[in-house]
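Both of the next two complexes hold chain A, though its partner changes from chain B to chain C.
Entry: the complex of A and B
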């Protein structure tokens, strides 16, 4: 009898816990829609086709890098080398296309290859060096930034040759290709994570490395692949950013303002992911990226000073961290 | 019982962790289709021995014979290929994944070319079948493992071992953390496995339990295997004496 009562109570609190988790995980959808409606009323020129496309373009640049970053997080790897990969790939794109006069496809392939190489490098340090990704990638990022600095001679490389920006921002149905590429990345990510063996292994490795290893999951290979995917999407983003701004955007900081490790991190946390890996859905991150982009865009249109926009973004990260901690406590 | 066949044999197996000599030249026979109990005090080396058998640890010396063939284990995957599947003391389940994904972790069913895409339906069906076969009571196989009871978890872990074609199922203190009712559930599970012809290696602290379920009882003491007794021929007093280090006459 006593046992039955206790079980009932557990079941009840279990349901309540499930409800709370559901709210935390899906709240991002509601908040994003609310923010969108709010700005549509408050911010001048927000709800115009031109601005909506602008939002999508900004979101696409942050979104692509976040997609890969999410995969690394799911595998339990906090990849902090994003800026380094961005720097290498942007310099590679500008040098190869502008200085070396390579064709567009070759430039793209080589810049992506540079990203893959960077990801493999991260993998070697993390897996073979047995160093926690957060620390290892902080170190490798330093190396990557140095390489980018060396290759570019510390100069911003301006792209005067035609063909790059035009090709990368071709519009289909009025929407630039970078946006399509972003949706494609998330679709691919969703399929990979939910429908493939690799995806199952990524979740398991991130959630419980030891259990996954004992179950015969090739955990080291999974970590390597996740780090390569993360670097690859960073390189892809770098190509798009370089094409958009027609110059090598050296050292990440200058890159499109919003494409950085912190944005990716904020989006991942807002999306209901655990920093410890193994939990979360990639589609929520897409929404979280849209949320952050809409936030920045709307505030800008309302002529809020940049300093305050940065503070608001900072608060977004803080709330995201709190949300993530709360979630871990409830789960 | 005289016709019992040895399915697995360790030969002079040895394992040290630095200065700790956890397993000392152990030669052990495991009998096919039987419940082979391994008992001994805390730190006697039981878990280490079965980790050597399941490929979770590599021995410093010694070898294995499986189905009469001399072989090496070579990691957890190698053990699975030999039909050896361990249910670890902590079960090695991934808390935030559901029952089905846990049961197939590391041996997922796939469809299409290249074994890339998961066969979610196939896995769901087989998970149901396997859990039914072992009479497990798990209402929802899409439930996350973290929400399951101790007995249910044990069933999931055993289900995983069976899915991998486990012929030799290793269970390390499966009832240590369980209440009376769930302990009974696990003992029934072990009996069900035996009736299906599986070989079970059972590590336990609980002498009564061992006498209730085991066919063979082996005792370890300070890393050494002191001996193996048929259950009918052994007395509790004798086994307890061995556990305390008194070598059999």
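Entry: the complex of A and C
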């Protein structure tokens, strides 16, 4: 499946190669800062406390999805079902809290359970069905979107009952809770990936599935866990998005910086991860997420038509993919 | 892959292994011909559930009308798939092309030929972008997915730039008549679809290019070692697919009298091809069978519509059909590699 048509290594001297790699790895910091300064001058209301908090919240939401997504990519699984999981979890949150009148903790637990169930479903199709994750999750996404549509009747569910937004979006030390949750996710992810046996297994499975299996790594279980983690963070994000906007979210039209798998995939690739798994460091994704959020937010404030924002988002993904392949060729 | 005559076995191994062989043959037979059986069952089921509504010439016509443009795309999509490339940009490219065409033809009121030419140029550019990305070493499904996001964006951009409310009405005479043109009572897209299939069949089975496509999809490295120009084939196949998808998008828009981003009915090519036994990983499959896969899905859509099944449930059934299709492909691959 992942057979490449052309392969070639770029011939470079050691020093040039090191320079180029340094640029590829750290260029994202420079570009993000440049973009921030650019929008601060160009986009009206960009550099205001209110908007900066807005950016921070949006980035944290996209960041949480990306954290779980990174784990899946590291295990060599390109998960395209994020939008489906988001849809199911947002509808579940809104229905349970608003229509069924469940308590907040119970709503959150059940919505997360829905996410875990979706991840397990992905795992069954990928592992037991022996199907490449990219295609398998593309298929399961269709099923999940249909279930969400079925549950909600195609309607946006508005949450009038008090208590959801107020409880979820508290500020601690002046910073919105979603930002704390994101940092917590990355901390957990960092510990899991670098300090535990599971983390080593995830890297090994992504780097070389066959070699990992032969050396005794429980590859099937690792893939299942990675897909569940990816779905779980998507469900967590959906709860936060729902709480923030006080309605079940629509995931039909996604724009730059919003939460969906295109953003997550772009961020992961910009963060230096290989499309084929096994390499990458989770902390760089944070910057990539911030970059994409600033891009989307700034363009929106400049009143750029949705079409252009969508094209920009597409080209961001294209460039991220090219960058990822270039890096592999240079390294 | 036909199993043919079972190999002769020494008498000592007969018995258990023979039974195993027999059951494997049954599975193989079902995998090869299950689609025909499923199609017959499907028609029988709908005929039984709604005899008064389903068994009408109007229903047959509706199924064929739905299949026409999708079938034209499926013919080239199958060739793409056999060559080892998965194109995930179909729905977006179809939508973008129809919007581009509608903007030039309907809003600017330029001649039909120029509008068509501009649209073809745009779709060629899209196909070139996909194949260029693939050439860089990016798997086709990721390349075409990214190109799909870009194409969807361009479609929206056209709507934004022309200040249209989410779609462009397409009612200017010549196209409207062409899209609904009928030859002896049959919508002309149907013969066009069969023509596409005949061309595709001849190309795959009776030309060197077709043999190269099978070889490339089956084993890219071996094909490259044998001097087959993989990059060139990928480029030709993807550009052709993008252009044909764009033209089909225009035909669909012409029939619906409106161009929209994302075209309904073009997204099922992958499901139809997998149902028909085309391998997801390329290299095998028969193009003529995908026609049955398409008829199966079109009949499902029309039949469920007649039975008044709600939209979410229909979407769920379509989603499950896709899941089932990839599972089928997986079983087929495992049997083949045994």
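The criterion applied here is as follows: the second predicted complex is superposed on the first by the 305 of 331 C-alpha atoms of A that agree within 3 Å, B and C clash if a C-alpha of one lies under 4 Å from a C-alpha of the other, contacts with A are read in each partner's own complex, and residues count from 1 in each chain.
Keep in mind that, in the parts below, contacts are C-beta pairs under 8 Å (C-beta built on N, C-alpha and C of every residue); 3 or more make two chains touch, one makes a residue touch a chain.
Not measured: the values here are computed from a predicted model.
K.L.:
Looking at A:140, would you say it contacts chain B, chain C, both, or neither? Reply first, second, both or neither.
P.N.:
So A:140 only meets chain C here.
K.L.:
Counting only touches as set out at the top, which of chain B and chain C does A:208 meet: first, second, both, neither?
P.N.:
In the superposed model, A:208 contacts chain B only, not chain C.
K.L.:
Check the residue A:50 against both partner chains and state whether it touches chain B (first), chain C (second), both, or neither.
P.N.:
neither
K.L.:
Is it chain B or chain C that touches the larger share of residues in chain A?
P.N.:
Here the partner covering more residues of chain A is C.
K.L.:
If we overlay the two complexes on their shared chain A, which of chain B and chain C does A:196 touch? Say first, second, both or neither.
P.N.:
Only chain B; A:196 stays clear of chain C.
K.L.:
Touching chain B and also chain C: which chain A residues?
P.N.:
None.
K.L.:
Provide the residue numbers of chain B that touch chain A in the complex, in ascending order.
P.N.:
56, 76-77, 80, 86, 88, 92-97, 101, 104-108, 110, 115-118, 120, 146-147, 160
K.L.:
So in the complex, the part of chain A that touches chain C is made up of which residues?
P.N.:
So the residues of chain A in touch with chain C come to 1-7, 78, 80, 125, 129-132, 134-136, 138-140, 142-147, 149-150, 153-154, 262, 275, 305-315, 317-318, 321-322, 325-326, 328-329.
K.L.:
Going by the contact rule set out above, which residues of chain A touch chain B in the complex?
P.N.:
Answer in residue numbers: 14, 195-200, 203-204, 207-208, 210-217, 278-279, 331.
K.L.:
In their complex, what parts of chain C are in touch with chain A?
P.N.:
84, 86, 88, 129, 133-139, 141-143, 145-147, 149-161, 220-221, 224, 230-231, 234, 280-281, 310-313, 315-316, 318-320, 322-323, 325-327, 329-330, 333-334
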